[in-house]
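We just call them A, B, C, D, E, F, G and H in the order they show up, numbering each chain from 1.
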Amino acid sequence: MEAEITKAIVETASEEWVEYAESDVIVVGAGPSGLTAAKYLAESGLKTLVLERRLSFGGGIGGGGMLFHKVVIEREAKDILDDFGIRYVEHRNFLVADSAEFMAKLATKAIDAGAKIIHGVSVEDVIFRDDPLGVRGVCIQWSAVEISGLHVDPLFLRSRAVVDATGHDAEVISVAARKMPLDITVTGERSAYSEVAEKEIVEKTGKVVKGLYAAGMAVAAVHNLPRMGPIFGGMLLSGKKVAEIIAENLKA
Amino acid sequence: MEAEITKAIVETASEEWVEYAESDVIVVGAGPSGLTAAKYLAESGLKTLVLERRLSFGGGIGGGGMLFHKVVIEREAKDILDDFGIRYVEHRNFLVADSAEFMAKLATKAIDAGAKIIHGVSVEDVIFRDDPLGVRGVCIQWSAVEISGLHVDPLFLRSRAVVDATGHDAEVISVAARKMPLDITVTGERSAYSEVAEKEIVEKTGKVVKGLYAAGMAVAAVHNLPRMGPIFGGMLLSGKKVAEIIAENLKA
Amino acid sequence: MEAEITKAIVETASEEWVEYAESDVIVVGAGPSGLTAAKYLAESGLKTLVLERRLSFGGGIGGGGMLFHKVVIEREAKDILDDFGIRYVEHRNFLVADSAEFMAKLATKAIDAGAKIIHGVSVEDVIFRDDPLGVRGVCIQWSAVEISGLHVDPLFLRSRAVVDATGHDAEVISVAARKMPLDITVTGERSAYSEVAEKEIVEKTGKVVKGLYAAGMAVAAVHNLPRMGPIFGGMLLSGKKVAEIIAENLKA
Amino acid sequence: MEAEITKAIVETASEEWVEYAESDVIVVGAGPSGLTAAKYLAESGLKTLVLERRLSFGGGIGGGGMLFHKVVIEREAKDILDDFGIRYVEHRNFLVADSAEFMAKLATKAIDAGAKIIHGVSVEDVIFRDDPLGVRGVCIQWSAVEISGLHVDPLFLRSRAVVDATGHDAEVISVAARKMPLDITVTGERSAYSEVAEKEIVEKTGKVVKGLYAAGMAVAAVHNLPRMGPIFGGMLLSGKKVAEIIAENLKA
Amino acid sequence: MEAEITKAIVETASEEWVEYAESDVIVVGAGPSGLTAAKYLAESGLKTLVLERRLSFGGGIGGGGMLFHKVVIEREAKDILDDFGIRYVEHRNFLVADSAEFMAKLATKAIDAGAKIIHGVSVEDVIFRDDPLGVRGVCIQWSAVEISGLHVDPLFLRSRAVVDATGHDAEVISVAARKMPLDITVTGERSAYSEVAEKEIVEKTGKVVKGLYAAGMAVAAVHNLPRMGPIFGGMLLSGKKVAEIIAENLKA
Amino acid sequence: MEAEITKAIVETASEEWVEYAESDVIVVGAGPSGLTAAKYLAESGLKTLVLERRLSFGGGIGGGGMLFHKVVIEREAKDILDDFGIRYVEHRNFLVADSAEFMAKLATKAIDAGAKIIHGVSVEDVIFRDDPLGVRGVCIQWSAVEISGLHVDPLFLRSRAVVDATGHDAEVISVAARKMPLDITVTGERSAYSEVAEKEIVEKTGKVVKGLYAAGMAVAAVHNLPRMGPIFGGMLLSGKKVAEIIAENLKA
Amino acid sequence: MEAEITKAIVETASEEWVEYAESDVIVVGAGPSGLTAAKYLAESGLKTLVLERRLSFGGGIGGGGMLFHKVVIEREAKDILDDFGIRYVEHRNFLVADSAEFMAKLATKAIDAGAKIIHGVSVEDVIFRDDPLGVRGVCIQWSAVEISGLHVDPLFLRSRAVVDATGHDAEVISVAARKMPLDITVTGERSAYSEVAEKEIVEKTGKVVKGLYAAGMAVAAVHNLPRMGPIFGGMLLSGKKVAEIIAENLKA
Amino acid sequence: MEAEITKAIVETASEEWVEYAESDVIVVGAGPSGLTAAKYLAESGLKTLVLERRLSFGGGIGGGGMLFHKVVIEREAKDILDDFGIRYVEHRNFLVADSAEFMAKLATKAIDAGAKIIHGVSVEDVIFRDDPLGVRGVCIQWSAVEISGLHVDPLFLRSRAVVDATGHDAEVISVAARKMPLDITVTGERSAYSEVAEKEIVEKTGKVVKGLYAAGMAVAAVHNLPRMGPIFGGMLLSGKKVAEIIAENLKA
């Protein structure tokens, strides 16, 4: 029986690795903006792969606000909550959701929409071309290898678009800014100013260079916007917006 | 705006902490057997709290088999997969599911059934009484405190039943075996023998002492059963079985 | 009984967190200048909250001078010692106090004056506004979370003034200098020159930008002053002076 | 000026080290039971030295209950709270105090009573004699040396009595049990059972062998009692009781 | 081009993983005895897989003797050196070879003989059956996962024989001794006694239980033999002997 | 017997250290380009020493591509594979080899050609002269000493040429760039662009300053070329080219 | 010039390694008892080698008593101090010496007497024979290798006697007790009782088994004697006594 | 007896700390140049204190050259070897000494000349004045405290001159360059060029700013000189020269 288990797992997983050696969109990071983007991207018919360094979903959601297990969402993002089937209570001007439910349903609905999520994979670099200059995919590594400090060569995945949804480190855009002939400086987020942050993060969501897009807190890092704390309306709206922009661009 | 976010989160979360200072069942561990148990417990009308040390769901699911992102389930557990809405393909004698979907939907359906899941909380000890001897709840601590090495007193949660779904360390039963006047030795799992393991883990699922139950790999640890690898039928069936036993016992 | 303990603690502590979501002054750091400031601020009627990253009082006092358990204070600060009820002996030109007593009574008298001290909380960022530019509060996190390396969102506390009493790293002002549109460089302290250090640290104590004040060694860090060693007159006088300036400003 | 600071500190601290090379009682640990014991010991006229490994007071108090900054005390210990000037509110059957105030005033009042507290010192062993068998003092080391891993010889302090108030590790009694010809096994605390724990910890407080006494959680470790969580009545009553027993014994 | 590289690597490697889900012999450890065994096993026509935890060959050979880059071999093993094409000089009673050449050619000749070596894979447990009791394969994990501390399920490989060539920890036999119903104690090696060690290690090489064999220093660990230092004749002779025994047994 | 082993090893190894205190070429790094260079250098009659920091061969080869145990080589390097006796299969446009065989045979053939490889030795600096400016050898240290953090003086080895084959850190050239009066900046590799990378790395292989040469990924680091992933044609061609250039230069 | 430095060092040091592959006595540990023993052994005409794991002399002397830079010696050991030229002052009943001078002169006089001291070498095991049972030398390793965690084979040194002067861990005797067929248990030291300790440590100094001797704190570990703190008379007298016993035995 | 040991040590050591709160010269670092300087400074009648971070002597001497236990000295420094009584053999153009003897006698003769050496003390900063600008002493801390990461205030020692003999990090000059208003950049040593290094290090030895002097490898760090490896003539000559310069300056 044991050999059959091994064969079943290796065969089905390897086939998918070969299949996803090329895709339409790679979303890096399975946090709130990444999962939101993945759902709407997949719904628009694009072959969408989400790569997550940890063996879990949700980015910073699981700790709620300073470990208090609730998150706050503005009314503007109410429709997205409804799309995902996430319940909430109204508290003064805000909607308050349970962090566990928020996290679980973001993932479930992205998967149901057709996005493929693979855990335990880090994006350590991008693939680029210069005619015209732009990103054409990513270099990946098992996060276990990264943590272990072993020296192992990465593999490559090609895609027409890459979304940096890695949060306030903007890991993908940072490596591209250092190692591609770009003119970008990732300056990092500013101190907290929630209203402004929530508004600007949605406005500035979008393309960084051909083939590379920023969503969620990565937008703050690239555009030096204020941070906003455990309020997630901006994340959801940014994820949805980046999906719409990419769908538009890739159809063009 | 920022002060309002803080108030909204602290108030709603604290109310729930007070509410869950007493519950029917505390499930320790949000892995496959714990989440399965939680769903069926909540559906049977019991006030069910799941405590998870990490800030995520799924226990060991996220890494699939040796990082290949698939898991195997036997046909016997097909109905449970269907209850959770988890898709699968048939591969020789097994069902093969995607580890990401498996993980996300176990959580989503447990929550939809009414179970409350709180992340970032470790169970470091149990509460006991000796008239009759048994477990009456748990001592909890932020896992962040545990990791940090700071010395901070725990808080207490009372419940009528505690399920150890912490996996092959059987953390709750181990601490009870060491620190309560019980006659249990947690011997740990044996080497791999998948057929036997899958069968016996379901058979031996159940009560350890009044108020304390074993599910999933914790059963293997307590009863010195073989391990079984990345095949999850036994986990699902064990989680469902422990829920049925507790529902029965608590109604009595 | 155990569930009652939990309810008592969660309810009383959470109420205070909600209450202190907004205050007059937040003092960051429960070392000598912070505790001195807190006492005189509270005495002047301001709602004063002290946040301390460790689970204890005293900053660097507890180690005395190179672990010799005594500290030295100049005669100029004799009145403050008397206000706090701290005993001393005269030794040549100085007053010498026991480090344990010095530490304990700074805390006791700040509390008796009405300051609220909360331990185990780190300030990781500030809240700011730009009309006019200034600090409006802080972003906080459990230090246990910080040490653990877990990624958890902070909460916010609003206040009319924030005092950086974090010592020679000037942690709050440093983060503001990096992440707010300010024109400050935190250059750090210089080598030792005790007489000059003690004098200038008091002179330079005060406002850094609207809403943000420096006290104690943070003043040396911001103004590139010499360090002074295990002599604490300047710390006490700086703490008292910042309290007087803030009381004056907030009444205005 | 700098050389004078050095001389003042070294001279005054060294004199006290020589003075306390011999004392009546050494209390190991400046947590709740140790500080309570120290106050009443000093008040009874005994030369009392408290040694604390950390550079601060309070043991586990500073983290309140799971970082919620409150502690619970039973009505039986109300008089001790009043002796120390610690304020409280009544909450159902309990008194609830602020953890910061509780910690600060335990230290302040012990010092005002005449106890000498020295920080940063670990007790790594005891001095013993066999005519009759018993403890005659302690071997001490800077905790900084311990943490650093450097190999440095300890120094010795003689005393007529040693109180192990180091908490649930019972560090002093553990080392004596291993390295003296005693017949004690330190079995550690049991799981939580608050009512029983609070009662028995006071009853079992007292002498372990000639010259060596247990107070606070060390009593639970030695007598295998249940733990009790963030409730401190037993700690205070145990500290007071051990002081009374020692005062009685040393007068004899 | 990058996607093609990925497909080429994943497809060819995965096919082999499926192919080696079942083999005749699994040799654990690519040190001197393991590589010697692998060469002679493969030459006898058995499907042979070597699993090595590190990303390299040679076990302890690379450091020579206390980093001096030479190793010593007795004349009895001269023929094996010649089989592998390893050069040597005569030095008093011994043959002295270069550690680099020794290491490289052991690997090269094992591969040329048809053995398949896969690096970066740890054996964390065995597969067993009880009719009759014996080992039927191994549970494997990426060593990177082991080092990283992530919790990931292993995969299984079936084989008719497993050789523990992991050196003085006898890792495979140790786990079997702990987790199978065997009657073996792994006592470890004794102090140095080179003549005796070299002789007995060859004599005691062989079967431990059905399906599990010891070679090289693992023999010393199981049979409590003396150690022998940087002399490798016994390792080579043990590796060859185990190959002959297995070839004999599997043909039977 | 034991003393004889020690004498045999110390005498033979020490003689070689004295012999290699001066050589023609020192290749730093026993990865793919270093071993290729070593083979062709030795074949051209130069006294060639390879120093490798680890106790093994192969650099990053052993992990294949993201632990899949295969590597890809372009057809242009087919002749080199044949020179080394490395087997391959054709897969679309590439040759695919087994990573274990690739690694073992690179080492074996370099040794057979006459190159001396010593493991466990780090190059921490170079020897230079300024008439004319150039490198004249290296400063070496046991890597064990480096890892241990002990402070030990290095030894020196003189040579007419030094090849930096240390991979993408270009360790030798980096230290020379920092510590010799050169005008080089080691800018590091760029993001992935495999075709360009493979081509340019061969073109730019060669002399950096008199006596110091770059091969393999060190070329990418010095000339800011793109990275290429688990494809090794460029490495082999670069190693062969640097050997030809040096043979030419040293004969001149 | 650099190549000459290397040759000079490698040649002179290697010759001595070969010379000391066999000696009369190996003293393990260059602390107070080891250096004292070495001086008197060398003076009696025996070929004496001292192996010290650190790169320095003195064992625990350098930290004085709890970092106070003085050590105490009893009048009984006055003659040994004089033999070594170590100055002291009289303080009540004791002699007090400077820890730096004590340490430096123990080493200088052992060397002047003819003992060879080699630093940076750990003894990880012994060589034994069983006709009759006894120790015949040691297995050595660079301590740098030990610290680094690399797996490297040791070398061997033969000698007629081995002195364990490694302090309270009795490292050599401990390994012999575990790995030779002896009947010794290393029980470790007891709590402090200085008078008894100083007296018994000298009395019990001597042979443990043929070829293996205990000196200094290793005697306390083997015979379960009390510890004595920063007083060194016993260490000196023990070192001298072991030298006398060995000189006697080896002449026999 | 134990209390007497404590009193003897604390009293004698503390008196010296008070005595050395002010001295003529503080030498930082007990390596070859520091100990040489200390001997000649003390011989010229100056009150000389050597502070050493470790609990031992010798800096990098103990490891010889790459752990080979010999060091090389040029003939120019022969007289200094004779002053210290260090034996040597002639080897081609060099003198070769044993590293253990070299280290021990440097310390012994510095002490005999009257220098006071205190171990376990780090210099973390300098004391300065600006009329005229210069160094007036040092801020010290137990190295154990530094390693432990505890936050403890330093003490101060005044002196007329401070010698940085800390080796290639030039620790004291580096901190002064950063934290005093000086115009020095510590550029670090260059690659190896032994002849030039040995010569220039002696030439550039001397004053850096009033009250602060460089000796040994610190000279290379300040003046960007080449390094020289395990050859110590320059160290000895530099130590002697700095002593002569300071003796001259302080008499002036």
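Assume a residue touches a chain if its C-beta (ideal position, glycine included) is under 8 Å from a C-beta of that chain, and two chains touch if they have at least 3 such contacts.
The model shown is predicted, which means the values in this text are computed figures rather than measured ones.
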Listing by label each chain that touches subunit B and subunit E gives A
Partner chains shared by subunit A and subunit G (touch criterion as defined above): E, F
Interface copy of B-E among G-H, B-C or A-F, judged by whether over half of the contact pairs recur: A-F
Would you mind checking which chain's C-alpha centre is most distant from the centre of subunit E? C
What's the distance between the Cα centroids of subunit D and subunit G, rounded to whole Å? 39
Between subunit B and subunit H, what is the separation of their C-alpha centroids in Å? 62
Inter-chain centre distance, subunit A versus subunit E - centres from mean C-alpha coordinates, in Å: 44
Of all residues in subunit C, the ones touching two or more other chains: 2, 5-7, 9-11, 14, 55, 62-68, 71, 120, 127, 142, 144-145, 150-152, 155-156, 192, 194, 229-230
So, with touch as defined above, which chain pairs make the list? A-B, A-C, A-E, A-F, B-C, B-D, B-E, C-D, C-H, D-G, D-H, E-F, E-G, F-G, F-H, G-H
Residue set of subunit E touching subunit G in the complex reads 59-60, 62-68, 71, 167, 188-194, 226-227, 229-230
Where on subunit D does subunit H make contact in their complex? 2-3, 5-7, 9-11, 14, 17-18, 21-22, 55, 120, 127, 136-137, 142-145, 147-152, 155-158
Considering only the defined contacts, which subunit H positions touch subunit C in the complex? 125-130, 139-142, 145, 150-156, 175-176, 179-181
Quick check: in the complex, which residue numbers of subunit H touch subunit G? 1-2, 4-14, 16, 54-58, 61-72, 89, 91-94, 96, 98-101, 103-105, 107-108, 111, 116-120, 142, 144, 192, 194-195, 229-231
